[in-house]
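The chains carry the letters A, B, C, D, E and F, assigned in the order they are written, with residues numbered from 1 in each.
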Amino acid sequence: MTLHKAIKVVVITEIIISEQVCHTIESCGATGYTVVAAGGKGDRNVRTISDRASVVEEFRNIKIECIVKTHDTAQLILESVAEKWFRNYSGIAYLEEVEILRSDKF
Amino acid sequence: MTLHKAIKVVVITEIIISEQVCHTIESCGATGYTVVAAGGKGDRNVRTISDRASVVEEFRNIKIECIVKTHDTAQLILESVAEKWFRNYSGIAYLEEVEILRSDKF
Amino acid sequence: MTLHKAIKVVVITEIIISEQVCHTIESCGATGYTVVAAGGKGDRNVRTISDRASVVEEFRNIKIECIVKTHDTAQLILESVAEKWFRNYSGIAYLEEVEILRSDKF
Amino acid sequence: MDFLLDFLGRLVGQLQSPTLGFLLGGMLIAALGSKLQIPQAIYQFIVFMLLMKIGIKGGMEIRDANLLEMALPALASVILGVGIVLGGSFLFSLIPSVRREDGIATAGLFGAVSASTLAAAMVLLEEESIGFEAWVPALYPFMDIPALILAIVLANKHLKQQEGSGTTVSSWSIVKDSLRSSAVSAMLLGIALGLFTNPERVYDSFYDPLFRGFLSVLMLIMGMEAWSRIHELKRVAQWYAVYAFVGPILHGLAAFGLGYIAHVLVGFSPGGVVLLAVIAASNSDISGPPTLRGAIPTANPSAYIGASTSVGTPVALAICIPLFIALAKAVFDL
Amino acid sequence: MDFLLDFLGRLVGQLQSPTLGFLLGGMLIAALGSKLQIPQAIYQFIVFMLLMKIGIKGGMEIRDANLLEMALPALASVILGVGIVLGGSFLFSLIPSVRREDGIATAGLFGAVSASTLAAAMVLLEEESIGFEAWVPALYPFMDIPALILAIVLANKHLKQQEGSGTTVSSWSIVKDSLRSSAVSAMLLGIALGLFTNPERVYDSFYDPLFRGFLSVLMLIMGMEAWSRIHELKRVAQWYAVYAFVGPILHGLAAFGLGYIAHVLVGFSPGGVVLLAVIAASNSDISGPPTLRGAIPTANPSAYIGASTSVGTPVALAICIPLFIALAKAVFDL
Amino acid sequence: MDFLLDFLGRLVGQLQSPTLGFLLGGMLIAALGSKLQIPQAIYQFIVFMLLMKIGIKGGMEIRDANLLEMALPALASVILGVGIVLGGSFLFSLIPSVRREDGIATAGLFGAVSASTLAAAMVLLEEESIGFEAWVPALYPFMDIPALILAIVLANKHLKQQEGSGTTVSSWSIVKDSLRSSAVSAMLLGIALGLFTNPERVYDSFYDPLFRGFLSVLMLIMGMEAWSRIHELKRVAQWYAVYAFVGPILHGLAAFGLGYIAHVLVGFSPGGVVLLAVIAASNSDISGPPTLRGAIPTANPSAYIGASTSVGTPVALAICIPLFIALAKAVFDL
């Protein structure tokens, strides 16, 4: 089988806005996405992945990955998410090149 | 130290078949793999990563990553997994190029 | 907006040394990192991501991802981590190319 | 008529029971969009506790029970498990819009058994002071395992005929899988501990007193789940909802009939008859769905899970339990 | 003078109370770097249990209560919630180094209510055998919701003025969000179950006997959290710490005064007055922070969370509760 | 001979005890491939509860205890911890197929202490109505900490000699790490709360009544873990299994001897002697393994974890506890 080039968009941000960010991503044309619980450290804060009880639980990170067929869609997602969410919430976003089997799936 | 090119295969599928998919991956020649709990949305359903009690817990996703030395092995894994599992279970799979330190490890 | 090339360093290792490895990564010049709980199989052992009670819980994996601007910093992180930790603890590490929006963030 | 009035009175009374109150409360707050969540770890532990409680109690009492008495009800359980799957599969096969394997899987789930529904029935019987033989809950696997096996075998036979794609599944491996499932193995472990050790003190200080409270939390979870999975049901033919509503009642009534025969023949207790009916009316919520997903992968999980979690379970809990208790009171003149 | 000595004696006595002992113990072991951890799932379940306990009890007693009596204390609660936010926002607006929206968010958190602090006060009142009307804990949302709404509305008005960037937030959607938050919806569910079902047995066998023990674990968690978030407080102006220390005491005293008026006018019980004061002194730890993070995204969470978790909550628990109990004893001559 | 018969009788009797029954049950269902799982969060909470229970009780009783009595048993504990590590390291050094640091780490784990084993012994003593001084469980850290320190120091000395690669580890930092470990710090916190607050009510309503039940769940987990880690043992030399089987018995007998001396000299109670022996026979399951993994990274975890979890712990629980109770009955004529 031949493989096809595609682009993966990765967004790491606060779990509290995860639903809205996924919505932004879908509204830019993504057909699906995968989410993973994450912690991390950036400019603003340290976020944990431990199971330790924490009264303010909702300050954790989420990593959202989304594969799209064209670089244009990918860049659109990147810019929309940054524009809409990264002024007030912490987060980063980037692109990676990937190869997929069936291009009709995405 | 010089770096070597290698390929990362990523499979995202239902947690219920994770053991069997890992077996398929190993049988294609992979020497190891890494798994991460995931949620997501695709054609078929929305899957959660929350800790909320859910009676039918086993319908979650898993993300399996596996680094192999050659593009051929990677493609073999991709095709075997798709062929064997993606007709009846939900899932996606793709490849990425990476650089590793020691090529004897993989 | 124009995108900029950057490098992602990925380290998968034992959770017991996660804090120290993050420290090594930061001391090489990284401005932030993201961590995810992981399981996996390699030369040494099988590690689980299940929530099943396990008396010796701390033998799990962690996946640390860190985006840096230059390939040199990335390679420095890779070599420092391997040199300092992979003789006595299990783990792998690799690089990937990514594209970021704002290069001043990293 | 009198009976009907009596039953309606009881039904209203039962809704006052906190057990059902928690179920309805859970549905209500989920419907209103509450963010309340009970953690998965707590849910798993509660199910474990309930099954151990049921198992240990059963084991302790079986010690001096006459196990021959169990033979007829156990046979009735097997017949019910098999009959429900055959009947359901046949009915679904009459509906063109329902794929064959989806119908079989759904019937399999309704033939199998829910430990939570069983536990709720035990508490409600206790509140009404209706006794039953301690081994009755141990009828669980006698209905659960045959139902799941039969469904899997039927589905695979169908798939082979149709497209030659079904894989051969040995029924022994399905039996093993069922016995190893967390629900059945917890109950069997409890029975073994009740039989072979002296767990009276730990039972009286822990498993028994916490039973009622943990069940209330479980009912809340079941209610929230029932509501939040209703959208799955909307994706599939409405026939699943109809089956999930009517099925439990008919299955329970059939079981009540068989139980009544056992009552006449070998003195099966009224409470036992109710429990047998509830076991038949219930559908497998814990181990059934993943078992079917693994063994009948072509069946659409939205069909069977939506039907069972969102309609079947609430009907079994909120309609069937009060119905069969009222029936028992009328029939056995309690 | 006598009163002061009496109060100091009581304060020392209260620190002997295990409830505060667990809080201080938690702070101590966190300070010493202990790796002890209570899992998140347990914490969530404990909070659920405490709120259900408070709610069910309240619901059962409300059944035959004269709800008119509740009117005045409920009004007082609304006034306090609104007053604390207005006062706090105004004070912070006088400090140039504090960003406007950070001040408003912090005042909003201190106007809102903590279920854990409320539960601790209930246990301590019980230990001192000081009674209160069972509906008093249900005053919680009457203070919590107005405070959060007001803070969000103020912050958005400010943002719009300043930069034209505030988004319109409907207060109805904030009310809905508050009612749906896990804390408020668990308590309302409990009240409904207490009112409409007969949960006496499950309450007496589960929710009530476990209350005290779960609260002790919760206090331990609060103590550990208070210590481990102190570094957040260090990142922001010291005025937050000052406010977090003095605020709860003043808020509580104001509430005590209003409660006293209700005592004179409609016979509000001494224990009720203490609880009203503690509700006012407490700050929202569970649902407040995420609500504010979502609705006032430009406010810095380190400011309001550091102030509340690390200073406000320990002050409310370890200073305010003993203070108001001592005050009640002196004022009402108990 | 009589003693042997008596002992064998007791051993069979003890297996009837639910505490051991749950252990064996756990091993059995794991061996049969059951999918039953107790969540990690529950396990962590149970360990916390048991240690708090032991600590609070100890603290409350220490208040009016004569602590001088504790001196000799505490000294014996230190001697045992040190002696077990020295002895074990020496024995392993005689076996060429065992790497030096693997042997030292294993001996360190067996010199250290398991809170679960200690808790099980306390319940079994209670069932036999054999009393002990409430401070005896507080001997735990006196054996645990010296054993871990010594093992780490020995291993690092060896590594430095051999390859110059050992890093200098200060023993003070190991002491701090041990005191901060979740197990030791929970117990010390409990002792402090028992000493300085009045936790009688929360102890009597929560920590004490749940102790037995939670212990039963813990035993189940230990049993399942013992079985599921046996494959680790298979990867390493069989000498580890031999040591893990014989070691606990010998360590316990040595401790019994020292305890007997303390009995004669300062009236150490028979129950105390049994507990001292069990503490010595146990091996550290919670905090030991990660401590060693961090501090002796070149040692192979499969060696010490396999030996301890799969053989050492079951032997300590199922053989040593009954053995020492039988011994105490014979020796002290109970």
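Simple rule for what comes next: contacts are C-beta pairs under 8 Å (C-beta built on N, C-alpha and C of every residue); 3 or more make two chains touch, one makes a residue touch a chain.
This is a predicted model, so every value here is computed, not measured.
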item: Reaching chain E from chain C through chains that touch each other, fewest steps; value: 2
item: Centroid comparison with chain E (C-alpha atoms), farthest chain; value: B
item: For chain D placed onto chain E, the superposition rotation in degrees, Cα atoms, nearest 5; value: 120
item: Proportion of interface numbers common to chain D and chain F (over half same, under half different); value: different
item: Approximate Å spacing (C-alpha centroids) for the pair chain E, chain F; value: 42
item: Separation of chain A from chain C, taking each centre as the mean of its C-alpha atoms, in whole Å; value: 18
item: Geometric centre distance via CA averages, chain E-chain B, whole Å; value: 47
item: Junction residues of chain E - those touching two or more other chains; value: 37-42, 210
item: Shared-contact residues (touching 2 or more other chains) in chain C; value: 36-37, 51, 96-97
item: In the complex, chain E residues that touch chain F; value: 15-18, 20-22, 25, 28-29, 32-42, 127, 209-210, 212-214, 216, 220
item: Residues of chain B defined as touching chain D within the complex; value: 14, 16-17, 45, 50-59, 88-89
item: In the complex, chain C residues that touch chain A; value: 1, 3, 6, 8, 22, 31-37, 62, 67, 96-102, 105
item: Complex contacts: residues of chain A adjacent to chain C; value: 10, 12, 36-43, 49, 61, 63, 75, 78-79, 82, 92-97
item: Partner chain C, residues of chain F touching it in the complex; value: 37-43, 221-222, 224-225, 285-286, 289-290, 293-294, 297-298, 301-302, 305, 309
